[in-house]
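Questions regarding the structure given below will be posed in turn.
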């Protein structure tokens, strides 16, 4: 097995690994109880999965076609930078829009700070069918 | 062999998308759906990468980057929508 | 694959039609969006699927898949985007002035 | 510019000039200026008499639309000359009369303008040889008579009468047009003379009888034949000069003219004979019968006109037998019916014109035309009385007036016809003289009514109070001229026969060798024969009936009100309006959903219907590309997402699912090797989703559909059918491989257009025009969104926005 | 209630360059690789929209005082103008020409009038996209 | 150089964009847009004459030979319609100047009108079926904006319906295009014709043609006209007039092109369906016109009747009938535009749209009233006005072909047209005048000019039909012999 072939295999396995992680994260997205925990599953695992996958693809093209794809690198960087921010924003939004924590979560210390203990915020946005308006 | 593994990986990604679709449909809250859509986008990125390998073409690599960008913009838009009901604000610090 | 795509297109069209036949503005507009998805796939499918390589000369020697439908779809996508944008704005303006998003309430007789 | 076209055009030119110069004239001068036209035309036309009497005809062709054989061919022969003389002659008298009749407060310029238009149109009708030009003038007479009838348009009855006459006569005209077109289809020419020359070729054609009936339909509506006569009494709302012009001498005679003109073409048909004779006789009877019950003088005259027109019409029908039989010494006697028709046509114009003017005078001086409020006017209006008595007696067929002569000839004709043994006349032929005789009795009765109820008896007190006096000289002159003619013609009928009627006979019977034979010597006195006895019977029975009028007039009440022709006409009109309204309202509900249902149903019905009827379905999946597992999953994802949209309860969910679909489509583009599409679809889909979200700020949350289960099921069925139609046709299309795509040409894009991305080269070069316009579309949409948002209806601004 | 967007804004400042560069790249690479005026324009437009989302109308408008309707109009004029230009050279409407130019630094480059046309397309797309989104956002 | 061909499309577009930059200079906008339309009119007249002398012109965009590139084709039929459309728009602009108001003018009213006419002209000229779709969309998008511009309740409501229905129609168009491309694998209309003929227009191709029939019927208002009465009665008068004159006619044009050029081989199927649809359209239109109580309803249903009548010409399918259809198209564009302008003006001066609530207008507005009278006669096909020649020729064609039912329906409809308009005339123009001359609103000068110009053109088309005959005959000949068109495109 030449180095090239080994690298190819590494790439393929990275991709496979990524796909497995992605399925796990999807499972997590289904199984976990509330939006915050699901966000955890989504942003961490799926970022990880996609990075692995893109890295695999990068290596593959590099090795097989001898093609160093700047776009792929850019893509990796981009996902790497933005994914956490996106996860952060969405969780914050969820929190500010009063999405309740799951049963059995620890104490919510931010609540009194943000909402002054009232727990009411005038968001006009529909969060959940049936509850809005 | 490598082909098979790649196909398997692709199938797994598709399964993941299908699973996440459940979250998009069921919810129950808006942020849930937003997160799920984001995840679908990210999974699509991976899938496109794999398809590129299978088709042995680099034509789709732009799509990967664009999808990344859009998933990001989309998520931001969503989060603003959820948070404030408005996506583009008229004035600063409103 | 073509047959499968046709069935998928048929289902999309059926769903879209059902949406278009509903009373709510948003559903109808979504129905038109689905219709356009369906027709884009349709144009692609009738051009033949997987019959060749990506239509980029730098990437392969051919044969290539039919590039013409792709160009047509591109044009169609842009046009449907333009229409949808206008339609959405029109819909919400109508909602705001008429106070209803139910097309049944928006009937109005032609000679009122 | 030769004289014949000048004759037709002069009235039009004058009519066009009136609105320009009328302000410069004193109001009472307009009429005098206008009078010049018909008088000079009349004089001009009289110069034709001797020449036409010699058998000359004048014809000129002016090109109008030669490409479609629409040429302006004028044709002056005996028949048209009679009519043109009537038109201009009576026209002159009517204008003279109207100068005194109409007050200067009326909008005289309108009146004379319409009248000239009408005169020109009538002249056009009788002088045209080309069917289309004839039709053009024919409709123009309808239009101008509409304007004349509606002259006092502030009166409701005027408008209604005008509308009725226009609707009926134009409908007839349209039918006639179809008949003309059929004639054209058979003969290949629009020229009446050429059609007559080719009559053998066309008479066996399938369209011959339909064309005949359609042309007759036109003639009958115009000439107020039963059951289309209903417009004529209503048209009496027009000013009296108009009635006397249109309804005695000109417009209603247009149908007669048409029948006479077409006798050489259609005359040989049994249908022609029976339709014209039958309808004519029914009209004759019905008109006279109904005239008796009227109380308005003008209405009596209207019905009497209807009846007299029926008489002339039936005579033309009787005369057509000669065309069928062809020329022989025996058949010549049947042409006398036509001769009588033409003779009576002139006679009728003279006495009916005079009578209308008489009624005008009564109306003008006394202020009413209701015979129940009139009586004893003989003393106040002696000249008018003279007019009335001469006119009425002539109409009733008494000597020494011209009506007697033509009435006798009419009886002769109806008696002659019973001896014929064609067209199964022997079965019911005896009815013809009976009906004719009975109708004459009623004619006599209403003539008596006119004279006695108006002028005899005692004067009503309210009339005495007004202290009316005889009409001015100008108003009396025209009717006196007509009355003079009535008497003159009685004493010198053969002058008329020789110079005017004889050439016309040749026009009606072009195949007959000589006009001499067809011109009988008219004599006031011949030996005692059946005709004379019939006349005597008319007088006796007429007087009896008049005496006992109040006893038998009850029979008029036997006719239920709602079954009069007028009522039926009104009912048809209103119910057709109401039915259309209810049907239209039913399907034009304003529901967008309904409209979509119509569209989709016709889509499925017509497209799938054709598809199945032509048995076009074919499916052969062997050539399909392979299906990979992951593609299958993606397909299921899409189906899931699509179906889920149907059940989604919040709008965000639906939009997100739509986004999922869009992304999946993009992924299909990836799988199917379309990178540009994938990129575009991704971006567009995201932007669209963002747009949805932005617009949601202004929109309401989804509500559950509140439709009934039935609606849902039917909608569902429609959707399934639409989807199935697309799928089935699509499956067939995919297998259709008769042709190679033109796009292989584009694969050479680098050499052709210097681009390696084929799709982009197509967009930027091969089909750049599409791209350019697509950019324009985008621009319009952007601008439109901007304009739509910025331009809002002002508050409190009612919908008056032009 | 003030919500601070420090994290977002910081990240966007960096990311926006990637996006805009990508847009320009896509625009130019269109002739030989996926991309082109339309996609390039869309990506650039999306980048601008991202700015509007992260900041707000006024702030962005101060930095970029364009009337985007006019930008779009300019784009249409450019596209149609490049098309109509060929008329004056007695060539069929919309005819494109291309030449190879040697630039000092970039080396030999393939230049076509298609690029002008595509630039028009891109400008229109940017202008329209931003116009639409801004118009709606400004609506009361 | 054939480049002239593109000018009827590109000049309005460029002018429209330039006008966007002149947003607030209303007078300048007016002048420029008017000059532009005048120029386009003159140009299309010149082109029409060139087509006469030199035969069918074509312009291959970017020089790509058919069937690969897009091209514009000018035959007499297309050019006649382009010319008429330009004339109508020019005159309507005159009306707009004095009535549309500053608010609209500042909101790009003139650019949208110019875009509309560009799309219309493009649809007439294009020789590529997909490009036809794109031109349709240009026209439709402009029409969407024009119909909604103003933002009133009723207007928005009806425009929403209009837009949605047209979006679905466009979708059907795309489906039809997909099927067409999937079968004949080409987009050039002449090339499609060749290939369809090669395949003998087999059942599948006929089905596809029927799909096109549905699509264009929706645009033309043939049978599927439900959207029309509502949406044609809400926008400002000028827009109504433009719509009535242009939009349905584009659909009719497309129908005629499709079934004379591309799919002429299965006439017993296709033309029978068209005939039935035309017949039903006429009946429904007549019922609508009879049922109408207000001027807008009556006017819009008259549009529908007109559509049915013209398509009788297509359904009958003889050369005479086709000649008639073309004449009638010209007439209908002019007369319907005028009718809508008049009806709008009635509403403007009285503030009423119900027939019975107006009375005696002719006293204060004599010219206005008489022009209404003339257009009424013209629409009823009374000679020698514009409707006559077309009516006669269609009738002749129907008799030649033996389509007596259509003949009867068509001619009966003209009576209903007359009756319905007569009702307006008698009730609203005749009768007691309720408003004194001093109190009545004056009609703007520009409006009068547009009325008079339209009237002149109507009279001209009727009286001077001969001067058009060369063009119309040529157009009909080309339609009946598609090989002329095909040869001009593919050979040479």
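Chains: A, B, C, D, E and F, in written order; residue numbering restarts at 1 for each.
Everything below uses one rule, namely that a residue touches a chain if its C-beta (ideal position, glycine included) is under 8 Å from a C-beta of that chain, and two chains touch if they have at least 3 such contacts.
Composition by chain, UniProt nomenclature: A = Na+/H+ antiporter subunit G; B = Na(+)/H(+) antiporter subunit F1; C = Na(+)/H(+) antiporter subunit C; D = Na+/H+ antiporter subunit A; E = Na(+)/H(+) antiporter subunit B; F = Na+/H+ antiporter subunit D.
Note that the structure is predicted; figures quoted are calculated from it, not measured.
Chains touching both subunit B and subunit F (Na+/H+ antiporter subunit D): C, D, E.
In terms of the distance between Cα centroids, subunit B is separated most widely from D. Chain centroids computed from C-alpha atoms place F closest to the centre of all protein C-alpha atoms shown. A count of C-beta contacts for the chain pairs C-F and B-E puts C-F on top. Placing every chain at the mean of its C-alpha atoms, the farthest one from subunit E is found to be D. Taking each chain's centre as the mean of its C-alpha atoms, subunit B lies 70 Å from subunit D (Na+/H+ antiporter subunit A). Taking each chain's centre as the average of its CA atoms, subunit D (Na+/H+ antiporter subunit A) and subunit F (Na+/H+ antiporter subunit D) sit 26 Å apart. Rounded to whole angstrom units, the spacing between the C-alpha centres of subunit D (Na+/H+ antiporter subunit A) and subunit E is 63. Averaging Cα coordinates per chain places subunit A (Na+/H+ antiporter subunit G) and subunit E 31 Å apart. Listed for subunit F (Na+/H+ antiporter subunit D) are residues 13, 17, 20, 61-62, 130, 134, 137, 141, 144-145, 148, 151-154, 160-161, 164, 168, 175, 178-179, 182, 187, 229-230, each touching two or more other chains.
Annotation for subunit C: residues 20, 25, 28, 42, 46-47, 53-54, 56-58, 68-69, 74-75, 78-79, 82-83, 85-86, 89-91, 93, 97, 103, 106, 108, 110 touch two or more other chains. In subunit E, the residues that reach two or more other chains under the touch definition are 3, 8, 15, 18, 22, 26, 32-35, 38, 43, 46, 49, 69, 73, 76, 80, 83, 93-94, 96, 128, 132-133, 135-138.
Within the complex formed with subunit E, the residues of subunit A (Na+/H+ antiporter subunit G) that make contact are 74, 77-78, 81-82, 85, 88-89, 96, 121. Those residues of subunit F (Na+/H+ antiporter subunit D) that touch subunit C in the shared complex are 130, 134, 137, 141, 144-145, 148, 151-154, 156-161, 163-164, 167-168, 170-171, 174-175, 177-179, 181-182, 187, 229-230, 233, 292-294, 296-297, 300, 353-354. Interface residues of subunit B, counted against subunit C in their complex, comprise 55, 57-59. By the touch rule above, subunit F (Na+/H+ antiporter subunit D) contacts subunit E in their complex via residues 1-3, 5-6, 10, 13-14, 17-18, 20-21, 59-63. Taken together, the subunit D (Na+/H+ antiporter subunit A) residues at the contact with subunit F (Na+/H+ antiporter subunit D) in this complex read 63-68, 70, 132, 135-136, 139-140, 143, 150, 153-154, 156, 159, 162-163, 166-167, 170-171, 174-175, 177-178, 181-182, 184-185, 207, 576-577, 579-585, 587-588, 590, 592, 594-596, 598-599, 602-603, 606-607, 610-611, 614-616, 618, 726, 729-730, 732-734, 736, 738-743, 745-746, 765-770, 773-774, 776-777, 779-781, 783-784, 787-788, 790-793, 797-802.
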